[in-house]
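The following blocks contain the structures, represented as C-alpha cells.
Both complexes below contain chain A, partnered by chain B and then by chain C.
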Partner chain A sequence: MRLSDLLNFAWQVVRGSPGRTFLILLAMGIGVAAVVAVTSLGEGARLYVVNQFGSLGTNLIIVLPGRSETAGAMPGVLVGKTPRDLVLEDALALKRSHAVRRIAPLIVGAGDVRVGARRRETPVLGSTADFIEIRRMELAQGRFLPEGDPRQSLPVCVIGTRVAAELFGTRQVLGEWLRIGDRRFRIIGVLAKQGESLGFNTDEIVIVPLAAAQALFNTESLFRVLVEAKSREQIRYAKEDVEEIIRLRHEGERDVTVITQDAVLATFDRILRALTLAVGGIAAISLAVAGILIMNVMLIAVTQRRREIGLLKALGATSRQIRLAFLTEAVLLAMGGAGVGLVVGQLARNVALQLYPAIPFQAPWWALLAAPATAVITAALFTVVPARRAARLDPVQALSRR
Partner chain B sequence: MIRLAGIERTFIVGEEAVHALRGVNLEIAAGEYLSIMGPSGSGKSTLLNVIGLLDRPSAGIYELDRRDVTGLNDDELARARREKIGFVFQFFHLVPRLNAAQNIELPMVLAGIDPAARKPRLDRLLSEYGLEDRARHRPDQLSGGQCQRVAIARAMAMGPSVVLADEPTGNLDRHTGQEVMAVLERVHDNGGTVLLVTHDPEIGSRAHRRLRMIDGEVVGDERS
Partner chain C sequence: MLLADFLRFTYGSLKAHRLRTVLTALGIAVGIAAVILLTSIGEGLHRFVVAEFTQFGTNLISVTPGRIQTHGASLGAVNTVRPLSVEDALALKRAPYVQVSDPVVQGNADVKYFGRSRRVTLYGVGPDFSEALKMRVASGEFLPQEDPRSARAFAVLGSKVAREFFGGENPLGSRIRVGGERYRVIGVMQSKGQVLGFDLDDTVFIPVVRALEMFNRESLMEIHVTYEPTAPLAEVEQGIKRILIARHGAEDFTVTPQQKMLEVFGTVLDAITFAVAAIGGISLVVGGVGILTILTIAVAERTSEIGLLRAVGATQRRILLLFLGEAALLAAIGGTAGLLLGWAVALALELALPALPVHTPWSYALLAELVAVAVGLAAGVLPARRAAHLDPLEALRSE
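For the complex of A and B:
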C-alpha cells in the first residue's frame, strides 16, 4: 500500500466522523496548548529575571559581611565571636586590585523623611559617587552625589521620583531641603523612573553620602560593597583579589561572602529552567490522558469497524496494512491536535503578553518541538494495542456479524 | 484449478467439536460456473471460506492454481486472496464512507498499484458494470442492485482466478436478484470461474454444475 493511499484512507476515516475527530483534536490540542502556555510562562519568568540582573549592572561583584557558605547562618556563635564588620576602609582597599574598575560601599536603613508638614518613611541608601555607575541608574534631573572623600559628610541627597512627587507634588525639587531624622539635606538630583528592580523600588529611595548615612544610622559597618570588575573576563580575578584583600585586612579570616552576579544569574537561570521543565512535564501529563482517549476511541473503532476490517482482509490486506491504517489514523489525529494546540498555546501567550507586557513570555524552542512530538508518539504508542487487536481479527467472524 | 482433498474443518464450541466439513474432495476447473446448495449449517459457507483462503482447513490438502496453499502463513494468504480471489457478499460489504469508485479501487490500493495504472482499470470496470454515472456516489446513495454491482466490480478489480459469491442475491428483491445474477453470469461468459453459495433453488439451478451439501459432506454433484 502506498503512503499516499494510506494517508488518504486515514483521511477519509478522520473526515467521515467529524464528532469523534473534533473530540480527539480537542483533547490533544488542550494538552499541547497547556505545555506551550505553561512553558511560555516559565521561560518568560526566566528571561525576566535574566534581564533584571542585566539592569543591575554588568560585571558586578557583591561583597557582604559574614560567611554563609561554610558554617551556616551564624558561624561566630559556635566559636564565641561574631563576624567582623565590613567597614569603609575594607571597601577602599579593594581599589588596589587591578581587576577592579570601581567600588561603591553601601549602607541601607529606613529614614523618616520630612518636608514641612509632609513626612514619609523611605529606605535611605548611603553610598558614594560611583554607585550610580555600578547600578546603571539614570538621573532625571540634577546630578548624583559628588566625587570626593567618602569620609566627608556633605548635606546633599538624591531622591526617587515617587519620593519627589509625594513630598513636593509638582513643585520644583532641585535645591530644596528635606529632613531625615534630625539632619537636613539639600536635593541635588532626582533619579529617573525605573521601577522595581529585584526587591528595591528605586523610585522610592533617598540616597545620601555614605558618611551621612553612617551618622544617621550610627553605624560604621557596611551592608554591602558593590564592586565592578574591569571586564567580564576579569570577574574571576577581581573576586579572588577581593577575597584575598579582605582576608589580609581581617587577620587571615575569611569572613565575607563574595557573590558574583554571574553565579547568581546562573543559579536563577538553572532554577527557572528546571522549573519550566517541571511545569512543562506536568502539563505533558494531559497529553498522556489524551493518548488514553485515543486508545479508547481506537478500541471502539475496532469494534465498530469489524466488518470493514474483515472486508479489507478478504480483499487481501495484510495484518501489517491493517495496523498501519490504524496507526496512520491516530498519528494524523495527533498531528492535527498538535497543530491546534500550538496555535492555541501561542494565542494564550499573546494574551499573557497583553496583560503583562513587562514579562517576555515565549515558549522555549524545545517545548515547541517536544509537545507535538510527545502528542504524536503518545498517540502512536496508545494505538499499538487497538491496531494489533484489529490486525488479529478473524476475517470469517468479522464478516459474519451484521 | 482448485483441488480439495480430504478437507476437514472442525470448530471447538465450548467443549464440543463441531465438524463443519467432513472430508470434502472437490476439483473445480477454470471457467466453471458452480453453485453450492444445502440447508443452513450444512457447511457450504465454511467451504466457501476455505476456498477463499479466509479460513484454514483443520486437515486435508488444498491446491489453488497447482500450488499447495494449506501451509501458507497469514501474509502469504492475504497476498493470495488479493491476487486470486474475488469475494461477493450477501450484505455487499462496501466501505460506507468511500464512494463507488473508491470501493472498486480498494483491492488495487491494497496491492500498492500506483494511481496512474489504477485509473484505466477503474474506468474500464466502471463502464463494464454500468456505474460511470454512479462513480462519485457513496453506498448509502446507491440502490441494492447498484451496491452489488459495485461489489462485483471490486471482486473483478485484480482479475481473480475465481469469484466466490456468498448468497449474492440474499439481500435483494427477486427482480434485482435476477439482474445481479446476469452480471455474475457475464463474468462467467467472459471466461471467469464463478462459485456461488445459495439456498435459493431458482438461483442455484442456473449454474452449470450444482453441488449439494448436507452435514459437512458433498452429497450431490450434478452437471448440465
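For the complex of A and C:
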C-alpha cells in the first residue's frame, strides 16, 4: 500500500460520512481554538505588564525606607514610617556612585488642590528636575521643574492633563496660580496624556519641587528614591553602592530596602507565564475529550467496515497496513481540526485586539506549536485501540458474517 | 408506551453498545470533573480570604485620611495635608452605635534587647486595639486604659518577637529599646500567623502618640472603629462622617467598612472562579459534541428499528422523546462519574497540599449534574429530530 493509497483510503472515509467528519473537526477545532485564544489572553496580559513596567523607566533601582526581617510582604506594601528617615541628603549622596546616572527623590501625599472655588483632591508628588527623565514622562506644554538646588523651595508646579481640564476647563493654564493646602504654586507645565499605568493615573497628579512638598506635608522623610543606573550591566554595582552609601550614612545600620526594576519585572514575568501555562493546560483538557470522541467514532467505524477490512486482508494487506490506515485517518482528522482551531483562535485574538487595542494579545509560539501537536498526538493515542482491533480481525470471519 | 418500557428501551440501547456508552459518558465526565475541581479551588480560595478577613471581626470600619485610593491602599496614609489626629479618634467614640475607636500608625523600627537587634513592624495603637481587631494577649496585658495623648512607655510584643528575644524566659517587666527609646514590656500577644502575606507576629505595639513622635508625623494612618453588630451599617457610617466633617469642615477622609471590602474581594474572586470554570467548561462543550456525534451515528444505524416502532404506532413525539431520553441519560451517567472524579481529585489535593484551600459546596454538585443533563439534551435535539422525522416506509425499507 503506497502513501497515496493510504491517503486515498482515508479520504474516502472522510468524504463518505461528512456529518461525522464535520463533528469531529468541530470537537478538535474547539479544543485547539480554546487553547490558542486563552493563551493569547494570558500572553497579552504578560506583555502588557512588561511594557508598562518598561515604560516606568530603564535601568531603574528603587530605594524605600524600612526593612522587614521576614520576607513575604511585598516591599510596595510597606507604607510605614521609620524612626530614621530616608532624607534628601541620603538621596544626594547616592550621586557619588560611578554606576549611577541620575537620581530623583520622591515624596507623595494627598493634597487638596484649589483654584478659585473649584477644588479637588489629587495625589501630590514632590521631586526634582531629573524625575521626568527617569520616569520617561513627557510634557504637553511648558516646562518641567527647574534644575537647581533641591533644598530650595520654588512656588511652581507641573500638573496632569485631567487636573488641568477639571480645574481650568479649556482656559490657558500656564502661568496660572493654584493652591495646595495653605501654599500657592504657579503652573509652569502640563504633562502629556498618558493614562492609567499600573494603577496610578499620571493624568491626575500634581508635581511640585521636593522642598515644597516637604513643607506641605511637614515631613523630612522621602517616600522613595528612584535611581537610574548608567547601563544594564551597571545595575548590580549601582545597587551595591546604594546599599553601602546609605549604610554608612545611617551609622552602619541596614534600614532601607533596595529593589531593582529587573527583579520586580522578572517576578511578574514568571507569575504571568505560569498563569498562562495553567489556563492553557485547563483549556487543553478539551483536547483529551476530543481524543475520546475520536476513539469512539473509530471503534464504530471498525465495526461498520468489517467487510471492507476483511477484503483488504484477504487481498494480502498486513495488520500493520490496516493499523496505519486507521492512524492516518485519525491524524488527518486531528490536523484538519487543529487547522480550523488555529484559524478560529486567531480570529478570536483579532476580535479581542479590536475590543482592547491597548493590550497586545498574541498567542505565544509554544502554544501555537503545542496545541496542534497535542491534538495530533491525542488523536493518534486514542486510535491505537480501535486500529489494533481492526488489525486483529480474522479475514474469513469478517467476510463471512453479514 | 409505559414509563417502564421507555426506561427499558433506553437502557437496552445503551447497554447494547457498552464501550460506546462508556466512552461517550467519559467525555462528559472529564468536562464535569474539570469544572467541579476548578470551582472547588476557587470556592476554597474565596472562603480562605473571607476567613482571613473576618478573624478581625466583621463589624469593623476603617477610617483613613484623604480620599484617593491607589493600589487598594489609601495615599493619604503616606502623607496628607489633611491629617487625622488622635483627637479625631477620641471624638469618634461619641458616634452612635460605636463600641470602640482606636487610632493606628504603622511603621518599621529597630528593636534592641541586650545587644540583640531586630527590625520589626511597629504599631502605634490605642488601648482598644486588641479588642477592635479581636487579638488576644497570651501573657501580661495589653496597653492600659489611659489618656492616649499622654501614654506611658509600655510595649506589647508579638509572639515571634518575644520568642526571638527572650526564648523561654518571661519577657514581662523587661526593658527593650524601640527606635532608640526605652520601653517596658507589659504583654505578649497570642500568635496570629501570616495574614495575606503580612506577618502579624513579627510586631511590637506601643502607644500611638509615642509612635507619632518617633516617626515625626502628625497624621494617623487609620482609625479602627467597631460598632454594635446589630446596628444598621449605613447609620453608623453616617454618624462617623457627621462627626469628622464637623471637626474638619469637609469630607477629607475615607470610611471603608470591612463588609464592603469583603464584597469587593468576593466579586473579584467569583469572577476569576467563573472565568476559570468557563475555560474548563469548554471540555464540556466538546463532550456535548461527542454525544451529538454518537447519537447521529446511532440514528443512522437504527433506522429500521425506528421504522418498525413507527409502524406499530409510535408517534413522532415518542421517538423524539426516546432519543432525547437516551442523550440525557448518557450525560447524566457521565455527569455523576465526573462529579465523583472531580470530588475525589479535590479530596486528594486537600490531603496532598493542605495549604491549598479546596471546598466543594453541594449546590455546585447539583448544578454540575443539571448542566451535564442540559448539555446532553441540547446535543440530543438534532439527532432526535432527525429520527422523529424519518418516513416510516422508507425507514423500514432500509433494512
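Just so it is clear, the second predicted complex is superposed on the first by the 385 of 402 C-alpha atoms of A that agree within 3 Å, B and C clash if a C-alpha of one lies under 4 Å from a C-alpha of the other, contacts with A are read in each partner's own complex, and residues count from 1 in each chain.
The criterion applied here is as follows: contacts are C-beta pairs under 8 Å (C-beta built on N, C-alpha and C of every residue); 3 or more make two chains touch, one makes a residue touch a chain.
If you're wondering where the values come from, they're calculated on a predicted model, not measured in any experiment.
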First, second, both or neither for A:Leu368, with chain B first and chain C second: neither
Contacts of A:Ala229 with chain B and chain C, given as first, second, both or neither: neither
Chain B versus chain C as contact partner of A:Ile30, first or second or both or neither: second
Touching partner for A:Val242 - first (chain B), second (chain C), both, neither: neither
Partner chain in contact with A:Val302 - chain B first, chain C second, else both or neither: neither
Touching partner for A:Ile159 - first (chain B), second (chain C), both, neither: neither
Touching partner for A:Ala10 - first (chain B), second (chain C), both, neither: neither
Per-residue touch tally on chain A - higher for chain B or for chain C: C
Chain B versus chain C as contact partner of A:Leu315, first or second or both or neither: first
Chain A partner contacts - residues on chain B that touch it in the complex: 49, 52, 54-55, 74-75, 78-83, 85, 87, 89, 91, 93, 95-98, 102, 106-107, 109-112, 114-115, 154, 158
Chain B partner contacts - residues on chain A that touch it in the complex: 1-2, 4-5, 9, 12-13, 15-16, 307-308, 310-321, 395-396, 399, 402
Residues on chain C engaged by chain A in the complex (per definition of touch): 19-20, 23-24, 26-27, 30-31, 34, 38, 65-68, 70-71, 73-82, 105-110, 118-122, 160, 179-180, 194, 197-199, 202, 214-218, 221, 250, 252, 276, 279-280, 282-283, 285-287, 289-290, 292-294, 296-297
Residue ranges of chain A in contact with chain C within the complex: 19-20, 23-24, 26-27, 30-31, 34, 38, 65-70, 72-74, 76-83, 85, 107-112, 121-124, 180-182, 199-200, 213, 216-221, 223, 253, 255, 279, 282-283, 285-286, 288-290, 292-293, 295-297, 299-300
